[in-house]
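Chain nomenclature is as follows: A, B, C, D, E and F, assigned in order of appearance, with residue numbering initiated at 1 for each chain independently.
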Amino acid sequence: MRKYFEEFEPGSVRDSTGRTITETDIVLHAGQTGDFYPHHMDEEWCKQQPFKKRIAHGTLVFSVAVGMTAGVINEVSMTYGYDRLRFLQPVFIGDTLRVKVTVRERKEHKRPGYGLVTEGLEVFNQRSDLVMVCDHLLLVEKRVPGDAAH
Amino acid sequence: MRKYFEEFEPGSVRDSTGRTITETDIVLHAGQTGDFYPHHMDEEWCKQQPFKKRIAHGTLVFSVAVGMTAGVINEVSMTYGYDRLRFLQPVFIGDTLRVKVTVRERKEHKRPGYGLVTEGLEVFNQRSDLVMVCDHLLLVEKRVPGDAAH
Amino acid sequence: MRKYFEEFEPGSVRDSTGRTITETDIVLHAGQTGDFYPHHMDEEWCKQQPFKKRIAHGTLVFSVAVGMTAGVINEVSMTYGYDRLRFLQPVFIGDTLRVKVTVRERKEHKRPGYGLVTEGLEVFNQRSDLVMVCDHLLLVEKRVPGDAAH
Amino acid sequence: MRKYFEEFEPGSVRDSTGRTITETDIVLHAGQTGDFYPHHMDEEWCKQQPFKKRIAHGTLVFSVAVGMTAGVINEVSMTYGYDRLRFLQPVFIGDTLRVKVTVRERKEHKRPGYGLVTEGLEVFNQRSDLVMVCDHLLLVEKRVPGDAAH
Amino acid sequence: MRKYFEEFEPGSVRDSTGRTITETDIVLHAGQTGDFYPHHMDEEWCKQQPFKKRIAHGTLVFSVAVGMTAGVINEVSMTYGYDRLRFLQPVFIGDTLRVKVTVRERKEHKRPGYGLVTEGLEVFNQRSDLVMVCDHLLLVEKRVPGDAAH
Amino acid sequence: MRKYFEEFEPGSVRDSTGRTITETDIVLHAGQTGDFYPHHMDEEWCKQQPFKKRIAHGTLVFSVAVGMTAGVINEVSMTYGYDRLRFLQPVFIGDTLRVKVTVRERKEHKRPGYGLVTEGLEVFNQRSDLVMVCDHLLLVEKRVPGDAAH
């Protein structure tokens, strides 16, 4: 698929399918990152904390959310980075996440023939609580190399 | 361990141990996120790209880097979010990463008794190339609740 | 172990031990295959479907069932293929599977010194529901190379 | 996505992206199925066999191939089963697989409002060797319930 | 970190953080070791045994317990072996383990410049039942090479 | 299978099949235990050590070795513990292990109707180096409850 810079319409929205965060996801993520903090791994300790239950790693929620938005490949786009990544609510075992992606803006970029697109990611749980947000910055080829951003 | 807001000295630095990114890490991360893009999973396709070899997912590099900085728990600190996450160089199978953490600044925060600490994460490979950076924002309890940030 | 073509008695039966299908198995299988369909991964969506709960991938049930029949190696036998693989009932998290293997028939095969054995695999859950069937075709060395199948 | 029975055109073809089979895939599949036969796990033993190197489990090749064809969900289709699954060439660590899916035929089915679609799966390695084939049987809703198959 | 032979004080104690043993841990350990015995994998069979529920592999409890004691690296110490490893109570899914490490004794060793330290590992569950014990033998560099053990 | 105390013949030997230790095994074991020490995970650091290459965790070698001896279940035997576990040579990625099990002795045990059997486990690599040994203690039912050990 080829979706060029000019085709990203600010305000346009797409939604992911849902995915339930499981105990397995947390155990595997601890294993991948080496983060075995009791917040994620010690049910007894968690019972005594304000949040009461084991919670997913922030990097797990982020990785899964980004993965959920990776459907058909856009061959003329690449990730530039992420801004304002915030964890707003804890994610528990059994929570089901969905991601809403909104095109926020198109901007010029110093790399010739490319522009910068910002997509806002919003991650919701099954109670429609907003649990995570971030801005995804994409470097996208222009259909017409000399085009201005607006 | 309890390291209070006032004890984060701007400019102070700590270094992680090293960790080699393996093919296993990439396969497991694809499995955790559902991102099976050919950049990570198709050696034949990668041979025809400018980077020539399979590359690690951005979310893998980020997750591992954050995990590498998770040593002894600071009981009076929690993650507030991340800013300016950028992937500067591709990470290949066999690259060995190290993370340098520098305290950047202390700021006031609206939550009473807490301040905001910014740590800069810089991830280097075995050739000392800077491959990833981000700012880690920490909400840290003040030793003396009424203390100002400076 | 060497069990030759002539030693497969049509009608003879062997039973596997049991194995409980866990949430972990499903998450790992999604990770191995890249199939993150909501049937397997989205508990909320499944609640609204006729089957109500997440179900195991067909390829997971098949892979586990075949694995459960792999005990002592028969050095003179190799898998030729599988026929009539059917999924008759959904397999849920917590179901315990057992496999019954019945020798169905012996047939001639064009490869000199070998014959074709068909074993029927029947997979049952803990309620004795038949959840999967298939025919496993084995190419097996003859003890006496010139022997006819019957 | 809704693709009805009548919309499956015999002869139409789609191709998957590629995926490299790794040592990790084999180790994980042994772990999922419990099949630790030396064909997959013992490099020294394999050196003395005709195929010389560790080979992927048949159930791994099948599971990955089926997963590679699972893109956008067709909400009006479900898997009925698989026929004539054959492993034609061994798959080694480092081989890159692609799957070609061809609609073979549409047939009536006893379930009212549904018809049976057969898709042929052909799995090729990076040398264009055909390594696996099977027929995938799909039970697909008819757009016009009373429609005949042809 | 460098903690020399002379610095191991018999009677001194350190405690690990806690870790909950999950179904995931057991499934992953079966997958790593190839031990799919029904004690660990077949919930129906376990219901009919005296212990009623699936139990963790002994090697899993041992591996996790040893891992829980691996905090900051002591650069002048290496594992020599383990003695008197005993499994005293079954560990069930959902049990939370903690490890208490007690320096038992310092002994001379034939390797010049090194001595042998014995640490006792005691693993407790959330009900303070002692579930596993072993002696961990460490070969540790002497600060003063010619020093005697006492 | 039922093999009673009296049937363990001191001096009798059985051999396992072989298994190659892979990078995947080490990464998965680090993930299961939380032991990310550079000896196992940092290829660059290892290059500067006497052993030059990443080495398998002791608990991995032990777990895999014990798993390799777990074939057909003996219903009248249970593990009592392990003694004299020693790691004699490092195990590297790509080494292929085999286990030799020798019945060492039969002893009385205080539990009525049971006796204690000691099996010696010897783990060899593909160069026939002995890399690990331990004694496996089994509590085994007596065929004739009142029988003495000798």
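Points worth noting:
Note that in this section a residue touches a chain if its C-beta (ideal position, glycine included) is under 8 Å from a C-beta of that chain, and two chains touch if they have at least 3 such contacts.
What you are looking at is a predicted structure, and each value in this text was computed from that prediction instead of being measured.
Steps from subunit A to subunit C, taking the shortest chain of touch contacts, total 1.
Here the chain-to-chain distance from subunit B to subunit D, counted in touching steps, is 1. Its interface matching that of A-F in over half of the contact pairs by residue number, D-E stands out among A-C, D-E or B-D. Among the remaining chains, the Cα-based centre furthest from that of subunit B is the centre of C. The angle of the rotation carrying subunit A onto subunit E, fitted on C-alpha atoms and rounded to the nearest 5, is 120°. Using mean Cα coordinates as chain centres, the one most removed from subunit F is A. Inter-chain spacing, taken between the CA centroids of subunit B and subunit C, is 44 Å.
Subunit A and subunit B, compared by their mean Cα positions, are separated by 16 Å.
Note: centroid distance subunit C to subunit F, computed from Cα atoms, is 31 Å.
Centroid to centroid, with C-alpha atoms defining each point, subunit B and subunit F lie 39 Å apart. Touching two or more other chains at once are residues 17, 19, 23-25, 28, 32, 34, 36, 38, 73 of subunit D.
Against subunit F, the residues of subunit B that register as touching in their complex are 17-20, 22-25, 28, 94, 96, 126. Partner subunit A is touched in their complex by these residues of subunit F: 28, 30-32, 34, 36. Contacts from subunit D toward subunit F in the complex involve residues 23-24, 27-28, 36, 38, 41-45, 54.
Considering their complex, residues 25, 28-29, 32-35, 37-38, 57-60, 62-64, 66-68, 70, 73, 79-87 of subunit E touch subunit F.
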